[in-house]
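Presented below is the structure to which this report refers.
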Amino acid sequence: MDSGKMMTMKEAVSRYVKDDETVYLAGFTHMIPFAAGHEIIRQKRKGLTLCRATPDIIYDQMIAAGCAKKVVFSYAGNPGVGSLRCFRRALEKGVPNPIEIEEYTHFGLSGRLFAGATNMPFLPMRTNAGSDLPANNDSIKTIKDPYTGDEVSIVPPLRPDIAVVHVQRCDENGNAHIWGITGEQKDAAFAAKKVIITTEEIVSESVIRSDPNRTLIPDFVVHAVVQEPWCAHPSYTQGYYDRDNEFYMQWDDITKEHESTMKYMDEWVYGVENREQYMKKLSAEKVIKLLPKACYSQPVSYGSV
Amino acid sequence: MAEYTPSELMVIVAARELKDKESVLVGVGIPNLAANLAMRLQAPHLNLVYESGAVGSNPTRMPLSIGDPCLVTGAKSVCSMYEQFAYYLQGGRIDVGFLGGAQIDKYGNINSTVIGSYKTPKVRLPGSGGACDIASNVKKIIVITPHEKRRFVEKVDFRTSPGFLDGKQSWKGLKLQGGGPYAVITDLCTMKFDESTGEMTLVSLHPGVTLEKVQENTPWKLKTSEKIEQTPAPTEKELTVVRALDPDRTYLG
Amino acid sequence: MDSGKMMTMKEAVSRYVKDDETVYLAGFTHMIPFAAGHEIIRQKRKGLTLCRATPDIIYDQMIAAGCAKKVVFSYAGNPGVGSLRCFRRALEKGVPNPIEIEEYTHFGLSGRLFAGATNMPFLPMRTNAGSDLPANNDSIKTIKDPYTGDEVSIVPPLRPDIAVVHVQRCDENGNAHIWGITGEQKDAAFAAKKVIITTEEIVSESVIRSDPNRTLIPDFVVHAVVQEPWCAHPSYTQGYYDRDNEFYMQWDDITKEHESTMKYMDEWVYGVENREQYMKKLSAEKVIKLLPKACYSQPVSYGSV
Amino acid sequence: MAEYTPSELMVIVAARELKDKESVLVGVGIPNLAANLAMRLQAPHLNLVYESGAVGSNPTRMPLSIGDPCLVTGAKSVCSMYEQFAYYLQGGRIDVGFLGGAQIDKYGNINSTVIGSYKTPKVRLPGSGGACDIASNVKKIIVITPHEKRRFVEKVDFRTSPGFLDGKQSWKGLKLQGGGPYAVITDLCTMKFDESTGEMTLVSLHPGVTLEKVQENTPWKLKTSEKIEQTPAPTEKELTVVRALDPDRTYLG
């Protein structure tokens, strides 16, 4: 069944990502949809509220490109390397533009997304007490637990306007199999009002239906499906390609100045039309180095009665 | 006696704190080395849980990020981010968590958010991540940090993760399920926390380190236990195993 | 690694299920651990608080045998057939003994278990308002939502003393792969203080590790592992055997009177020593009828880097 | 004109209420038949969600319970019980839900808990299950029930699932996200609910049924719409398809 959801990244971003919206590009280290971020930059979106537990390089790039007005996050570092220099430059010096921040713990932010996905009025949680975070974020409140009389910390649901979720495989309608670190993939898809699925592979519906427990995202929450191999580079896709750690380390150098950052952007983001062209610029050696050996799951039988 | 780097020493001393069958929330770098070292020595049934949702990982290389694919392939289990924090951490299933930070004070409060003021930062640091959640919910917090004066401060600029606040009494009022700070392991010494007051207390000096040297690098008058122990030097076995875990010396320096 | 958790059902029940405890035998239609219920009956446990969304035939039998003092539930019917007559007899006539009840909606009860599994102080939910249930259950309270000012319904966490969870396959330590309807299997295991895993098959740790996303229950929440093929009959185990619908319909007749019920119990529960003997009493024809055709999941590659 | 049973009629009339691309929370029996009939006729992209967590099922036989394995094999997706209620139902993802019950009143309040008093029941019924959750969260509730006087009552003995309480004003105070009762389909007629008052209103008489017959079986003075429709008789096609769905006539009678 062709539902008409299949489109290019260019079309999907053009149709579903608007200026001044709240955006969630999902992925906890794993399957970060870099190609979507680059297309948003190329289409010059402005005033976005960027939400992610870990802004990572992708939001650092979007901030440097001037797409962001605000960042909602819980850990603004380059994982395993150090700072996110563009994020810091915007925050500390207003370059290229000042940004607001709204900050949580990992549990707080992933909890907000879970509460958004399941439409909870609010989420009580055992964290935040004793930290200076709540005093600097009005959205974190406390409530009296009627069962114990104790004060309990709560956070409100997060409902982004648009989520982009990268997956290993899905069918043309967006029924998606995901494995490896599942991060906030499912919660982002259910929490957002509009959902773009980007996928390494389009498979037939029968592959999806052979293992329904693996389907974390069902088609009817999905608005667009973009087949985009290598979408997540320099982050990784379990079973498809490894994380490009070398690039994560290089990013620290590249971003020492705003000018050097923009030089990179000119070449690798503005200078290409799409992910296919981006991949052509990588060396074969690099690509081969990132390819894992196959390592298959033992199948299970669902039985036919 | 064998030679070793300050990082090797910290990894080895931290590993000794881990008991068999405990569940450990592991971060990348030094804590990952400490947990894997302990597993190969006194704690073969240590249960490794990673912040990214992987449980019982069996990495074929040094994980380079908390979400490295090598932590998933061959793991016992993996779950989503909210599930990891909800079922494991809030669920009270974790015995030991490791934390680091830019600043720590005498009650084990940790700052990993900002140097200067929050609104007008001098240096903006990455923020809590899971640190505050870990500090609030695990039974024992172990902090591993170089012993530098800029890191040990009278009062942290921002309390990202609660230690014992300004003493154990006020901490009790938070009613956290976690046990609070347990040990601070530096390149100079091991400090634990006074049972009744919650104040950081020197308990063991690492080989060749004097009390004076520790005090010099600590900006407040450091409390000491009645009898200060001598940390046993790293054994050949400890050094051999830990070096095999990080052959490229990414974290061992 | 032999962790010493492997034992027979007799040992597991004897060691971990005590009089007057709160018990959760998990399974939403699927993988209900009947063999565990039968062993609890044979070992004459008394005063149990039986919790389940759907008491089903298993709790009807335990009630008839006099094990129960209280039932915590959300749907006390014989699914697809009608009443649970033993449950009704105890409630309406005190036969064999009076029982208390504590009643929720499905969302309320599964929410209590989820809150117990994740140690939430309490769980806010969009249900119960306008129903007569809260007026008849003091555990269902309301609270004012600080974000909207609206009244919100809340339920407290449920922490059973002991959970029994049936699975398709696990290793000797209890790392368990589950597929098909996953019901409250994971939540029961994480919510309970003690956990007995019953399994169709013991597999090597490498099978489990080949697909970590399939592992809903990790070993370190598990206290006992019982290899018990056909544990769930007359309910079913996806991929292993179908539901014995014939028996579900017969149960309605069997339980017309307390005496006829006990006659069944004498033959099929007290009259056998264990599940192996129970299975020997079933006809080969019945067993063959319940066997599904194999229907395998398409594998995924986790990749080795 | 073709012959048909009351159950066949109710299934067919209910199926006609379903629109293409709607998400339907399906129970076993009559609702399952109605949803599958609609899918084969006017609503090929109907999205079937089952209370047991299965989504987009493709059953090879009549499911005999809500958790039948045939609803899982070949389904698009399946999730846990809490997830089903949280992500789909509370998540506001369901357009249509079907409910039945022992008693229903003129505002669509439903009792499936107890006849008599709660503490000393005359007849103890199964209870809510997901009924109250469905009533509170789906956009349209469709009730399918035989038109019997003991089922249609002035006031339900126990309000398991809220309809419009004692009228739409008081219902609004509940601030439920669901749209409340939408239609009651019996073997005699179809009733909907008055936009402003929320009172059950006769809108269509099934073939051969008189207003008098409906009123005889309804213990209060039944409100009627200005123009009462005639329900079109089941077509050959509808009958052929629905009979193929339940060849053993488990639910069709």
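The first chain written gets the first letter, and so on, giving A, B, C and D; residue counts start at 1 in each chain.
Here, a contact is a pair of C-beta atoms (placed from the backbone, for glycine too) under 8 Å apart; a residue touches a chain by one contact, two chains touch by 3 or more.
A quick note: this is a predicted structure, and the numbers were derived from the prediction, not measured.
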Report summary line: Higher number of C-beta pairs in contact (B-C or A-B) found for A-B
Report summary line: Per the C-alpha means, the centres of subunit A and subunit C lie apart by a whole-Å value of 37
Query raised in the report: If you average the CA atoms of subunit B and of subunit C, how far apart do the two points sit, in angstrom?
Result: 40
Query raised in the report: So what's the Cα centroid distance for subunit C and subunit D, whole Å?
Result: 29
Requested in this report: Give the residues of subunit B that touch two or more other chains, as numbers and ranges in rising order.
Outcome: 54, 69, 72-74, 78, 86, 90, 177
Report summary line: Where subunit A touches two or more other chains simultaneously, the residues are 119-120, 125-126, 150, 180, 182, 186, 210, 213, 238, 242, 292, 295, 302-305
Query raised in the report: Which word fits the touch map of the chains here: line, ring, star, complete or other?
Result: other
Report summary line: Inter-chain touches occur between A-B, A-C, A-D, B-C, C-D
Query raised in the report: Across the complex, what residues on subunit D touch subunit A?
Result: 23, 45, 47, 54-56, 58, 60-61, 69-70, 72-78, 86-87, 90-93, 177
Query - Of subunit B, residues touching subunit A in the complex - result: 28-29, 51-54, 64-69, 72-74, 78-82, 85-86, 89-90, 113, 118, 121, 124-133, 136-137, 158-162, 165, 171, 174-177
Query - Touch list for subunit A against partner subunit B, complex - result: 28-30, 53-54, 73-77, 79-80, 83-84, 87-88, 91-92, 103-108, 110-111, 113-114, 125-133, 136, 150, 180-187, 236, 238, 242-243, 245, 248, 292, 295
Report summary line: Per the touch rule, the subunit A residues reaching subunit D in their complex are 1, 3, 117-120, 175, 186, 190, 205, 208-210, 212-213, 215-221, 302-305
Report task. Enumerate the contact residues on subunit C facing subunit A in the complex. Result -> 119-126, 141, 143, 145-148, 150, 152, 154, 156, 168, 177, 179-180, 182, 207, 210-211, 213-214, 238-240, 242, 292-305
